[in-house]
Each structure stands twice: as C-alpha cells, then as structure tokens.
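You will see two complexes here that share chain A, one where it goes with chain B and one where it goes with chain C.
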Partner chain A sequence: MSINLQALSAQLLVGLINGSFYALLSLGLAVIFGMLNIINFAHGAVYMMGAFCAYFLLNVFGIGYWPALILAPVLVGIFGMLTERTMLKWLAGLDHLYGLLLTFGLALIIQGVFQNYFGSSGLPYAIPSELQGGINLGFMFLPIYRGWVIVCSLVVCIATWYLIERTRLGAYLRAATENPTLVRAFGINVPRMITLTYGLGVGLAALAGVLSAPINQVRPLMGADLIIVVFAVVVIGGMGSIMGSIITGFALGIIEGLTKYFYPEASNTVVFVLMVLVLLVKPTGLTGRAV
Partner chain B sequence: MRIRLAALLVGTALTFGMTFAAMAQDKVTDKNVKIGVLTDLSSLYADLGGEGSVVAAEMAADDSGLKAKGWKIDVISADHQNKPDVGAGIARRWIDTDKVDIIADVPNSGVALAVNNIVKEKNSILLDSGAGSSELTNTQCTPNTVHFTYDTYMLAQSTGGAMVKAGGDTWFFITADYAFGHALENDTTAVVKANGGKVLGSVKAPLNTADFSSYLLQAQASKAKVIGLANAGGDTTNSIKQAAEFGIVKGGQKLAGLLMFLSDVHSLGLNVAQGLNLSETFYWDANDQTRAFSKRFSERLKTHAMPTMVHAGVYAGLLHYFKALEALGGNPHDGAKVVAKMKEMPTDDPLFGKGVIRIDGRAIHPAFLFEVKAPAESKGPWDLYKLVGTTPGDQAFRPLSESKCSLVKH
Partner chain C sequence: MAALTDNTVRTTSRRIIGDEMIVFILMTAVLAIVPMTGIYPYFVMQGLCFALLACAFNLLLGYGGLLSFGHAMFLGTAGYVCAHALKVWGFPPELGIVAGVVAAALLSIVTGVVAIRRQGIYFAMITLALAQLLYFIYLQTPFTHGEDGIQGVPQGKMFGVLDLSHPDTLYYVVLGGFLFGFLAIYRAINSPFGEVLKAIRENEQRAISLGYKTDQYKLLAYILSGTLAGLAGSLKVLVAQNASLTDVHWTMSGEIVLMTLVGGLGTVFGPVAGAFAIIAMQQYLAGFGQWVTVIQGVIFVVCVLTFRRGVVGEIAHYFKRSL
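So, the complex of A and B:
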C-alpha cells in the first residue's frame, strides 16, 4: 500500500481525538484505583450517565451545552459519592475482586435501567452552535468540535495531574492512601477525602460523557463498548499512575488511528494485542507501580 | 418365581409400550405451537428487532384467531447477543429440549446463517425477518427457511439503483465487517456496475464501531460521488452523524444509507437525517391498516416506539405460518412440510398486502424508496418518511433465473 502523507496526518489527528477520550476515562480510573484501591467497572456506566445528564438538562430544563459541561459532572459526581458512602465504603481493605464485582454489578443495573426506558439506538444531541462547522487544515477538514475536545481534555488532564501530584491537597491524598491512620492522627478527615476523590474520578468520566454526546449518539451502551478498551489502556499505562494513564490514553488513540488506516479490520483488537505484549514484558505496565 | 417373571415381562412391555407411544407422539399432529423469537435484546439491533419482535409475535398469536379454536400458542424469546455460537446454542436447545416449532426474527446475518443450518438439520423452521443477507435464499437456501421482510439484493436494487440513476456513478463503501455487510457491498457493487457506475474503494469497519471518523476521511479522500454505508443499526446512525460533522454532505458527496430502519432515523433526528434516501418494505403510516396495527403495537411496547419493517415482518410472517397450520388441520411438527404449505398458499396480510413465498424461501412483496422529511414537513415524532418510488415485488428481489439455490430447477 502506498502511504499518502496527507491521509496519514489526518488519521493521526483523528487518533488524537479518540485518545482524548481514552485519556480522560483512564485518568478517572487511575485516580480511583490509586487513591481508593478500587477497580471501578462502573466507569463506563457513569460516562454514559454524564451524556444522558447533558441530554436531560437540555431537553427537560432547557440548559445548554456549556452549563452542562460543569453541571453534569457535578450531578453524576454526587451520585458517585452516594454510592461510595452507601456501598463501596464497606469494601475498604478487602480483596480487589469485591470492589470489581460490586461496581460491575452496578454498571449492569444502571445500563439495564437506561436501556429499559430509552431503547438501544439512542437519542440525538446537537453540537453547540458556537462549535459547529470546521476548519480546512489542508490535509483534512477538522470539525471545530473535535478540536475543542482535544484542547478541553488536555487541560483537564493536566489540571488533575497538577492537583494530585503538585498541591498540598494532593499530598494529603497520597499520604492518606499510604497510611490512613497516621494521616487521621494529624486531624484530616480521611473518609471524606476518599469520598470526594471517588466523586472526582466519577465526575471526570461524566465530563467525557458530555464531551462525547454531540459526537456519538447518547446511548445506554456507549460506555459498555468503550470501557474494555479503557481498561486495556490503564493496564498498559500501569494501574494507578496518573501521568502514565494520560500519556497512554493519547498514545493508544494514535496507534488505533494508524491501524484504522493500514489495516482497519484489526482496529478494535490492536489495543489488546499491545496489552498482551506489555504484560509479557513489564507486568506492572509501562509506568506502573507493583500492585 | 413365576409371578416375578410375569411382573418383569409386564414391566418390560410397559416400558417398551411407553417408549413407542412417546416416539409416536413426536410426529402426532396436534394443536400446540411453540414460537421462539431469537433476537438481539441488548445491543445495537435491539430497537429494530428486540422486544418489539417479541411483541409482534405475541400479537400475531392473538390475531390469528387460532386460540379461540382451541389452539395453544406459546411465545418464548432469547438474546443471541449478535454471536453466531450463542444463537446456534439457543436454537439447538429450543428445538431439542423445549420443542420449539419455529424460530422467528433472528437479526444479524451471521447468527441467521448459523441457525439456518440447524433448522435444516433438525427439520424445524426459520422465519427470518431481521437478517439481511440474500444468501439465506440463494446459495444457503433450505426447505426449512422463509426469509420474509427484506434482503441485501432488494436494498441494492432499490436504494443503489435509484442513486446511480440520479447521477451517483462513483462509489466508496464503508462496510460492516461480517456476513451482512459483505453481502450488501457485493450486491450493491453489482447494481452499480450494471448501471454503468464504478466502485473506487471500500473499507471494512468492525461491527459496533463508535467512531467512524477514520473511515469517513478515507471515503472523503476517495472523491467518490456516493458513500455507501453497508452497515446497520447503531453503526449507520453513528456514521451519518459523524459524516455531517466532517462536512461530507456539504462537500458535495452523497450518503447512501443502504439499510436504514425507522428506529435509526428517529434516533438520528430529522436535522441530521433529512434528505436521505432509504428503502423499506413497510412503513407504519402507509395506510389505515398499517396505522391501526402500529397504534396497537406501540401501545404494547414499553418504549412506545412505532414498528420497524422487521417487527412488521415477524407479525405478517407468523400470521401466514398460522394460516398454513390451520390449512394442514393441525401442527404436524414437521418443519419442511409446514414450509411447503406456506409456499403453496399466497400471502395476504394487512401490512405487506398480497404476495407469495417462492420455492427458494424468499417472500415477495413491493419495496418502497423513501426520502427522509425535513423538520418543517414533519407533523409528529414518528412522521419521518415520504414515498418517492415503488419497485414491484417481482423486480425488487433476485429473479429465480439468477438463483444459485439448490431448490430451484433451471
């Protein structure tokens, strides 16, 4: 096959867009795993809830895209914190498997309820008028909305990384995961901090959901289709590593984009092939710590 | 001792007797029917088939009038998850242990082709409405299969033919990478070439893809006048929505949704879908009879959606099946015998009108070319199509003279 440079750069850019979603979602997973030690299988379901939340805000309350970008993650984040307080809290200190099973069950219930009421083909959500149209970059026509997704995702990813790795609050958080008893002795409310962290992770997923609503149909299964890939991203990047999950997210989006160009039939397996290779060579993931 | 021997003999005789009775009972004609609706209850085809197909089967059982005449009709259902092995497993269990007489709907051609082999091997019946592959009544035809609603040949003739005639003579395909997508691409390619057009390329996208932008960019770069979407359900809606985003239609290329259902157009919304051409064999708002059926249907369905042509096909196909059973004077539990009767009797139902089921198992009825309305033309959430052309049944489907079906004598 002859390589067309124009087409190739277009595919790289498209890969970067998909990578933005992988990065946002795997970041949330990494935050939750790093701080709470929970493998959050409900992540795809809360991503879907974020998109549905944006849909309802618009169609029931007349609240548009921009406020939804803040409101939906907050609302879904509150839902997440409630589940942490009522259910996940009791699993602290138990084997990872318990958290995995609980969140997987939650995901199935949430998806089932949405599918029961809204069917499977989904609901439309229009691109906000400010971001409609596109720019001709020469090698491709870039829809403005897709450009916005890359920028927004990058900013949020870096802000989250900064919050956790470079601020005092983040230092408390990391300390609390290392030794909760000691941190409590300093007068810090560790359980509340854990709840807020779970809320943050869930909120990040919901934000990705809102961002994707205008691109994909708002469908009950939109998260279920994506979550498996995102888990592969997290495994490749290394469980619990913040920067690792961001970089791997973007990188895998690009690799997937290239596969779609060179051999499209393999595009939804390439991530898993990479995962197997990474696990064979470095079982903790590219940047991960031992679990 | 003698008493014991006698008891043993009587016991043995009784056992044998009962076994014979049980064996004979298998083939006794009675008035019990068990329908298995095998469909996608949870994924991308659940709205075009799914729960609606189960409702359609139950309505057919109620409307057949057989229950009042003392027949016992059971409808059961299962989710094949779009996996041929899962679907085949359910079909075997249904026929072997649950004594299901007829398997209905089966969207997803991969699953349908697997079940097609099983019903032949076990002399049961496949009444397919949801699957598209025209191979079901061509190279893969069996005396136990009826393909009711539509197929890839008809879609290619109706939508593909119309678009080439309107000047779309160069094509690029975005194809779902499994049996149905391949069949649809091949059938459409044949139509495009027969009408003097050219196919510039194609790309195979995995089933259930969320992001089509890579494929759309390749289609855009091909400069083909028409981008043929040889996919279905959620894959089609995602590709159309994202094509709008990438300015493909504004750039002068046309989209051909080769297989689109009412549920897809409804979920896309008219803003995005307006102006698309598509082919169906049933539309709920066609006449008084279809409206009456659709109203009853949507009242029984949880989501209150209007029926797709797949739902209509399950209903009409089963009505015809019941008529054949009644003409046979009972259910002989013999798949090939019932299907032969179904082919012998002309079809006539409120949804598809008068038609026939050919020797190859293909149900023949007209195909309609629709255009999706603009938002201003639509008077309600389900007022979506206007009729722009009709292909008579004898031209819409593959003529028997071109058939590779072993049941057809040339």
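So, the complex of A and C:
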C-alpha cells in the first residue's frame, strides 16, 4: 500500500488541530469536575459562545482577533461565573447527576437562543492578516494559522497544568478539592475559589472557540456534537490528572486524523470505539482513579 | 452524597398497592375511552409511546440510580429494525414488533456490559457516547436510508385479523403494548429484584457487603429498560409509519430525561404524566421554531433547581401517598 505523504500529513494536521480543541475542552472539564464535582454539559455551548463573542467583537465593536483572544474568554468566563453564582451553587450537596441535568438545560437554552437569531448556517471569521499564508515544509504545506492554533493551545494547556500543579494558588485548589471544609478553616475563601475555577474552565472552552472561529465557521451548533466526543475523550483519559487530559486530547486527535486517511468511513466513530475498548480493558480510564 | 430522589414515601405496603391500583384503573379507563371522545388519536398514541419510553428510562434512573443519556439508541434501533422488517422483509406487524424488541434487547446487552463498568456521571457520559456511535453508524449504513429514514412503512394486519390502518384498532393495539410494558415495569419494581435495585441506588457499598452482586442487578435493570424502550420504538413505527435519525439523536435522549424529570423521578405514574406534558407542549409550540428548545432548557433548569420531585412526586408528597 503506497502512502501519499501529502494527504497523510494534511490529515495529521487536521487531527492535531482537533486534538488541541479536545485537549482545551477536556482540560476545562477536568478542572471544573475536580472543584465542583459537576460535569459541565454546557461546555460545548460556551465553546460556541467564545467563537460568537469574537465574531461580535469584530463586527459590532471593530475589535480584532488579538484582543478578542483575551477578551472573549474573559467575557464568557464572567458569564460562566454568573451562572455558577446564580444556579450551580445551589446544587452543592445534591447528587452529581443534577449538575449534569442543569448544565444540559443551560446548553439547550444557549444553543436555542443562538439558533433563533443565527439559524444553523455558519458565519465567516477571517484569519488575522499576520497569520495568513503558509510555509512549504517540503513534504507538506503548513498554513500558518493552523500551526499557530496548535502552538497556542499547547502553551495554554501547559500553563494551566503549571498553574494547578506547581503554584501556591494551585496547591490551595488541589487541597480544596480533597477537603473543602478543612481548607476553609485555614481562612481561604473556598466558594470564591469554586466560582473562579468554573470561570477558568469556561474561559478555556471559550478560548478554544475563538481559536476555531477562523477554521470552522461560527455556528450555533458547533459545540453540540463536539462535546459528546470530548466526553468520550474524558472517559478514555479519566479526569484524575490534568496532564492526562491534555495528552489524551492530543493523542485522540491524531488517531482520528490517521483514521481519516486510512479508513475515512470510521473517522466519526473511532473515538467512541476506542472508548469501548478502554472501558473493557481498563474501566477507570487511562489515568483515572477509581470512582 | 444525598440520594438522587426523595420520592420514597414510607407507608404500609397495603395502602401503597391500594392507591397505585386506583390510579392505575383510572388511567386505564381514561385511556380506554379516548377514541370515543374525539381527541386526536395520533397525539395520544404518540404520547403512549413516549410514556412507555419514559417509564422504561425511569426504571433505570428512578429505581436503579443510573442516568442513561443514550436511551434514544433503543428507541431508534427498535424503530429501524421494525420498519425494515415490515417494509422490506414483509413481516406481519406482530413479528415486526418482536424483531424491533429483540434488536433493542441485544443492543442493551452489548452496551450494558460496557456501560455498567462505571458509575454516576461516567455512566451518563458513556451511554451518551455509545448512542452517538450508533447515530453515526445509522447515518452511514444503507438500510436506514440516511437522512431520509425509512418512510411509508406498511401497518398491515396484526395476527391476520386486526387492520392497523384503522385508527381505533391501532389505538387499542398501542394501548395494549403500553399497558403490557407499564405493568412489566410495575411488577419489576415491586419484586425482590426491585427492592435490591432500590437498595443499590441508596447505598451500593452496603448492598455489596450484604452479598449482592450489584453489577448483575444493574445489568439486568439496564437490559429490561432497554428492551421495553425498544417496545416503545416498535410501537412508534406502527403509529408514525416511519423511522428516522431524529429518534437516535441525543436531543431525543435529552427529551426522555426531561419527561421523566418533569413527571417525577422514581414515581410510578410520573413518567406517563411527564411524557404527555412534554408532547403536548411540543405540539402547541410547534410554530415557534427553536424557542421550543429554549423552553425545554428552561424547564430543565427550573426542575433541577426548585422542583426535583416532579409533578406526580409533589402530589404524592403532599398527600403522603405513593404514586
């Protein structure tokens, strides 16, 4: 079987891009789950909000891509913190499943509202002028923007890992995950930390949305199917480790890219099939602890 | 961690049976006279299919504590197999229903073995992912006809005598299927099996320490739930005369959850009330496009924040009865 290097590396690149989004989203899910014990079903919806936020900033306020890269995650993160303060907060002490149901409802509301105003078709978002064009690597043509997306998400993922695993703030966070009452007794404002954590997780999803806006068009349902794949990624990787979510996210993106080249019919389903295999062999997920 | 539902009302078992029997007889009587009242029968038939589906889902969540976010896969699989058997293989309707139910049962065995390996929210995510896997398979396999679905399914004559193209006959066949499924679930939750299931929901560790193989109980509940959801899928094909991708999509799984939540998790009649309420809402608001989705989302949020017992659960709680 002859391998077309050009086509293979093109699919690998698409896989890496999808992998960066999986990594950013599953990282956010893991951070939120660690602190709030909630699986955020609205994660796909806030990803979409991030992309729309960048679109509005450009078309309504004339604010370009670079400021939007910071502004959109912050704005959507604030929105997330508001929902945490007004709704999710009241679920503390209830079964975890209620968090899933509430955020599912939020996702329906957000996606429904956007669908009402923007239909289901995509809105274009131009690649910023600095990142247009591409480089010929000899074996393939690399569009600069796509390379930027991969590098940017890698940096953000590793920065988040550093923040949580290596800084004092992260130490408080991990301590509060283990025993919130004890951490509160040390004078640390745990409820505020929970709110900020939710904001951080939501902000990461919104950042992924801004990054994807020039590649995939801005659509109200852009996150709806993506979030189910990310759930499978989370089941495969387990939510016990931050680095685990990052690596699993990128790895599954690459595997998906390879499948697109070797057996395109299975490219939609390969992540789910892998999830089944992992569950049969190692039910706790690759890095997960027993729950 | 608090229990999922507080819909368990402690009363003597004799009175529970009494209350539930009275409501059951009332419900059956009301449903039996529907064709004489001039209410649009297709609406009620559709409601009955979703009511059975929600009851099957409730067996798993309300009594077993397992939230399946992929129950649409049983509805859709049974629907596709039943529709294919009726249209392409020329099966009579009774065998078509059986074919759909068997397909759903087989699917629930395969997916159940995978899904019950994890608990709680992981179980929900796994069932959702499995349903999405099936969605993509049905999107690509030729026999489902992709986006078009299987249309114009013949209804035929049940047992060679009952002409299902006649609305009244079809209605009573669907009602019979619903009552069969409803009573099967009622029997299951009031059996020793059901008691063990509730014990697992309340405290799985303790059930294990008492010597119960909880995985086997959960798997059995999952298979029973999936199979009866398949019965709902087969009946729905006879009513709607088509099988399409909508029935396998995650939005359908979400609607099943919503119906049960609105009616009351872990109540006997809640899913029936919830199914009719949601179906009615969709009918009346059909002209408002995506606002229906928004309203469903709002109902989810309101139910979870303030109304966790659901309609029937609140009534039962107020009168201190078990419904």
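Keep in mind that, in the parts below, the second predicted complex is superposed on the first by the 283 of 291 C-alpha atoms of A that agree within 3 Å, B and C clash if a C-alpha of one lies under 4 Å from a C-alpha of the other, contacts with A are read in each partner's own complex, and residues count from 1 in each chain.
Just so we're on the same page, contacts are C-beta pairs under 8 Å (C-beta built on N, C-alpha and C of every residue); 3 or more make two chains touch, one makes a residue touch a chain.
These figures come from a predicted structure and were not determined experimentally.
Asker: On chain A, do chain B and chain C fit together or clash when superposed?
Answerer: On the shared chain A, the partners clash.
Asker: Between chain B (first) and chain C (second), which does A:V14 come into contact with in this model arrangement: first, second, both, or neither?
Answerer: first
Asker: Using the touch definition from the top, say if A:N4 reaches chain B (first), chain C (second), both or neither.
Answerer: In the superposition, A:N4 contacts chain B only.
Asker: Which partner chains sit in contact with A:Q115 here, chain B, chain C, both or neither? Use first/second/both/neither.
Answerer: Both chain B and chain C are touched by A:Q115.
Asker: Check whether A:T287 is in contact with chain B, with chain C, with both or with neither, and answer first, second, both or neither.
Answerer: neither
Asker: First (chain B), second (chain C), both or neither: which does A:L106 touch?
Answerer: Touch status of A:L106: second partner only.
Asker: So, A:I215: does it touch chain B (first), chain C (second), both, or neither?
Answerer: A:I215 contacts chain B only, not chain C.
Asker: Please work out whether A:I127 is in contact with chain B alone, chain C alone, both, or neither, and reply first, second, both or neither.
Answerer: first
Asker: Determine, under the contact definition given at the top, whether A:L226 touches first (chain B), second (chain C), both, or neither.
Answerer: Only chain B; A:L226 stays clear of chain C.
Asker: Once chain A of both complexes is superposed, is A:E265 in touch with chain B (first), chain C (second), both, or neither?
Answerer: Both partners, chain B and chain C.
Asker: By the touch definition above, which chain A residues appear in both interfaces, chain B in one complex and chain C in the other?
Answerer: 115-116, 225, 265, 268
Asker: Over in the complex, which chain A residues touch chain C? Could you list them?
Answerer: 39, 87, 90-91, 93-102, 104-113, 115-116, 225, 228-229, 231-232, 234-235, 265, 268-269, 272-273, 275-276, 279-280, 283, 291
Asker: What does chain A use to touch chain B in their complex?
Answerer: 4, 6-7, 10-11, 14-15, 17-18, 115-124, 126-127, 133-134, 140-141, 143, 145-146, 215-217, 219, 221-222, 225-226, 257, 260-261, 264-265, 267-268
Asker: Report the residues of chain B in contact with chain A in the complex, numbered from low to high.
Answerer: 42-48, 50, 177, 203-206, 208-211, 213-215, 217-218, 220-221, 233-234, 237-238, 241-242, 245-247, 251, 263-264, 266-269, 271-272, 302-303, 305
Asker: Using the touch definition from the top, list the residues of chain C that touch chain A in their complex.
Answerer: For this pair, the touching residues of chain C are 1-4, 67, 69, 114-115, 117-122, 124-126, 128-130, 132-133, 136-137, 139-140, 250, 254, 257, 261, 289-294, 296-301, 303-305, 308.
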